[in-house]
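Pasting the structures in now, so scroll down.
You will see two complexes here that share chain A, one where it goes with chain B and one where it goes with chain C.
Here is the complex of A and B:
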């Protein structure tokens, strides 16, 4: 019996070891190395590097530019996710109704999501151009004014969020559509018999039934968008000033353009903590609702 | 047939062994050195055809027995920097010889990744350099007493204007900053989307180019964060918001957008690199000589001698180049006094301020403008930050962009710039 147990443990170890080794090499080592680097002043141009403790973190939080980047990153992910959920639900509800050409509408809905983000970013840069942009042209036709969307910090931020929502809401909609199709029709029929109107049915049946999906997708998009890079890089380059710079773009600049590996690692660790906290909130939500 | 535990263990072990063996085989392939004897010359896409042609027609391979492969390097500075950083750290290089710009030169030389070239440059090559090119070489191509790059190209910030518009209004082109400030009333028509001037000022080295240009006209170097930078920032801000000369939305425009606006008859004058000369001539239906005339830039507070600056691209050899010796031969061939003027036949990309090149260039096209600027004595060198140029550019662009979109005051911008530059 004792020998059998040892054998089982050995088999278990042999089978699990490759996966553990893989995760150690691809996750644990890079994370450990990043945390270590974040406490050094490593710069690729310098031959000597020193341990600086928490100096990089202190410098980061003392820098108003970084605080502003962190603040906008939060606004960006929260506003984008809420709007994507809102529009995703709206589109999914529309696509779930019966009408002619529904199949075509569902296909067209996916187009923004299918366009590579960097392509969409450059396309919007032109669409919003104050001289040649399609949007600027329409607005000037109606109002006689040529809006300079990207030259104000607030407008550039709003534009970035809206383009992000346009890009991702369609994917959200398809997931919600699958969820909507899983809601038993009997519930709606019973509610209708009880005199519930469309809004009541939506809030009392649709939303509760979709709640697991809403939380899953909400958490997923919050984390996913925290690592958004290509849209910002292509559309605004983080400008004007640093108004639309988000944390991943900041890491890219500090680490891969300025080669300040120590400083960039400190920002990466902060980003990792952010993602971990969001993940924990997600897990807590799942437990709370007992899904 | 049932799968017993023994069979499962056996097949798993076999699969693991096969996987490990094939991964080893694959990785050993990755580690193989590039055994090709062809020297890899890394160039930008727009100059590749000219390079292939000149290598072929000038008979480098016939004379030396060394074959050359022209390969495309990444278009942007950032991508190239990333590529070079990772490959040099790995002890190799995708290129044996590379054609690269100023900002790359600063980063690669300060990192110690470029081979010294002084032994490859003969005295007759040095004698061929004009004082303007020599000054630029000292500032941009030499570090700690060693030359790490040789310019093949001498690009000035040119000032382009619509002669037909000025003629039809019966006014003279602006000669000073004050004259420029008065141009808003003459040309700007916001409703029609027409502006007296425009620039491509998006971050990523576009804004910094203009800021360096204007700060030079004010008599300083933006990276020193002195009163000249303050004067330059105030001047640009006034052009945008006080005098309605420059379109404020150009803060998020790139060079393509800027050029398009000019070609769409929406801009009366602007600064632009020499490539604009070719861009305008590609629009055959629109183009005529009076629409794209190059004039002397308006003079700033520092006087005419600092009206514009030169910069350029050049060749360097990474220290880790796999075919280092052959790369040296190719470099010597390209920079020789005999071949340098011949390169010009293939592209304006090789127009520079060497005596042999200028003598062979004639008086047509861009050469006319280059000589006009040199004769006028208005060309200075591009300002730079000696230690951390790329980072300094980025920091100063962030601050200037914030100020020019009214996110911060001028006082805050200057305070912030000084602080950031001190930290570099």
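Here is the complex of A and C:
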């Protein structure tokens, strides 16, 4: 028996080894390395680097630009996630009703999720082009003004969030739709017999039944949006100025354009701390709802 | 009687209004999703002159010149091949490693196994960008920068937590009595994995291969950071490079769009051909 147990452990170790070794090499080790680098002034082209303690962090938090990037990142993830939950629920409810061509509509819903983010970013940049884009053409037809979507900070920020919602609400809807299909149909029938309208049914049945899923997906999306790089890179490149820069693009600029490895690593650590905090809240919620 | 009738009537009216409202919402939804696609497709078959016409041409006579231009100006076949190898090998490698690991997590009792699984799954939350600098240095030290091997190595690792997470419930669904019966018949682990679990798991495995293939295909950050020459550049990097070339009216949207279409088509074919399975795979972890 004892030997059997030993053998089981050995087999277990062999089977999980590829995955665990991969994760150790490309996740665990780099995390440690990032934390170490964040306390140095390492630069790609300078061979000498020194331990600088928390200087990078001090400089970062003293930098008003970084503070505003951090601020907008928070606005970006919260606004995006709330809107994605809202539209995700709307789309899912719509696709859960019976109508002709429902399968086709569900297929269409997969499109924004499936296509490469960078392609979506360019498609929208072109659609919103202030001279030759269709969007600005329509707006100018109605109002006589040509909107320049990308040139003011506020417009660019709103655009970025809306395009992000376009890209990700469909994924939210896929999950919610699966959740809705698990809600017993009798509940709706009973409510209909009692004279509850569609809105009442939505707020009294759909929302409460989906609540655990809403919260889990909300937390998951908050974290996931924090890692958003492709869309910002492709749609606005973080501009005008740094108005639409969020933390990942900031790391990319500092680390891989200016090669300030130490400084960029400090930003990475801050990002990881954010993710960890959100993750812990998520786990806590998870338990609270016993889901 | 009269009362009942009018009541019925108003219910009908309400239902009709609901239906109308639903179809309007549906139409808006479909338009909002489709318009950017249409705009991309349209630009990919337009000449540059047609693109700068005001008002915008909605239905130009399609020309395929842009695809030809791309093929002559870029090593397009090389990029396509790189993308296919990168995504294909990544998908295969992920599914292979995760099948083994998921079996171990689901079926072999081992002290610390649930902690290990937990540790593995939380790395899903790790932002790709946060570890990009150490990875860049690591791949550099291993002489794996600007190589497909390096890209595959990193991407495979990134996709493993989710794949394991999806596989475990699939394995647990399979009655353990089948395995026990096979053990009594003298089957070894290899036979059990290949003859019992693999056939039953095939739908889940194919689904995850498609999802992981698309994930790798769509990935921008790693090829953008680690690839230097055409030797390892993928389609996602190619499109950013075409975008950065300047033309008098801004960006060469006709070429960007054409490349975008080339990049989107394989993804759509894959996803749409296996729509039900993909949706099941995606929702398996989240919805019980």
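The working rule: the second predicted complex is superposed on the first by the 266 of 291 C-alpha atoms of A that agree within 3 Å, B and C clash if a C-alpha of one lies under 4 Å from a C-alpha of the other, contacts with A are read in each partner's own complex, and residues count from 1 in each chain.
Everything below uses one rule, namely that a residue touches a chain if its C-beta (ideal position, glycine included) is under 8 Å from a C-beta of that chain, and two chains touch if they have at least 3 such contacts.
In this text the structure is predicted, and so the values were computed from the model without any measurement.
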item	value
Residues of chain A touched, compared between chain B and chain C (which is higher)	C
First, second, both or neither for A:11, with chain B first and chain C second	both
Touched partner set for A:263, first chain B, second chain C, both or neither	neither
A:153 touches, of chain B and chain C: first, second, both or neither?	first
Chain B versus chain C as contact partner of A:221, first or second or both or neither	neither
Chain B versus chain C as contact partner of A:37, first or second or both or neither	second
Partner chain in contact with A:240 - chain B first, chain C second, else both or neither	first
Touching partner for A:19 - first (chain B), second (chain C), both, neither	second
Contacts of A:129 with chain B and chain C, given as first, second, both or neither	both
Partner chain in contact with A:66 - chain B first, chain C second, else both or neither	neither
Shared contact residues on chain A - chain B and chain C	11, 15, 18, 125-126, 129, 131-132, 256
Chain C residues within the chain A interface of the complex	14, 18, 22-23, 25-26, 29-30, 32-37, 39-40, 43, 51-56, 96-98, 100-101, 103-105, 108-111, 113, 116, 120, 122-123, 125-138, 153-154, 156-158, 160-161, 164, 189, 214, 217-218, 220-221, 225, 236, 239-240, 243, 249-251, 253, 256-257, 260, 263-264, 267-268, 271-272, 275, 278-279, 282-283, 286-288
Chain B residues touching chain A - in the complex, by the definition given at the top	9, 12, 16, 78, 81-82, 85, 89, 107, 110-112, 190-191, 193, 202-204, 247-254, 257, 260-261, 264, 266, 388, 390-391, 394, 397-399, 401-408
Interface residues, chain A side, partner chain B - complex	11, 15, 18, 44-45, 65, 125-126, 129-132, 140, 144, 146, 148-153, 156, 236-243, 253, 256-260
Residues of chain A defined as touching chain C within the complex	8-9, 11-12, 15-16, 18-20, 22-23, 25-31, 33-34, 37, 90-91, 94, 97, 99, 105-112, 114-120, 122-127, 129, 131-134, 137, 166, 170-171, 174-175, 178-179, 182, 197-198, 213, 216-217, 220, 223, 226-227, 229-230, 233-234, 248, 251-252, 255-256, 261, 264-265, 268-269, 271-272, 275-276, 279
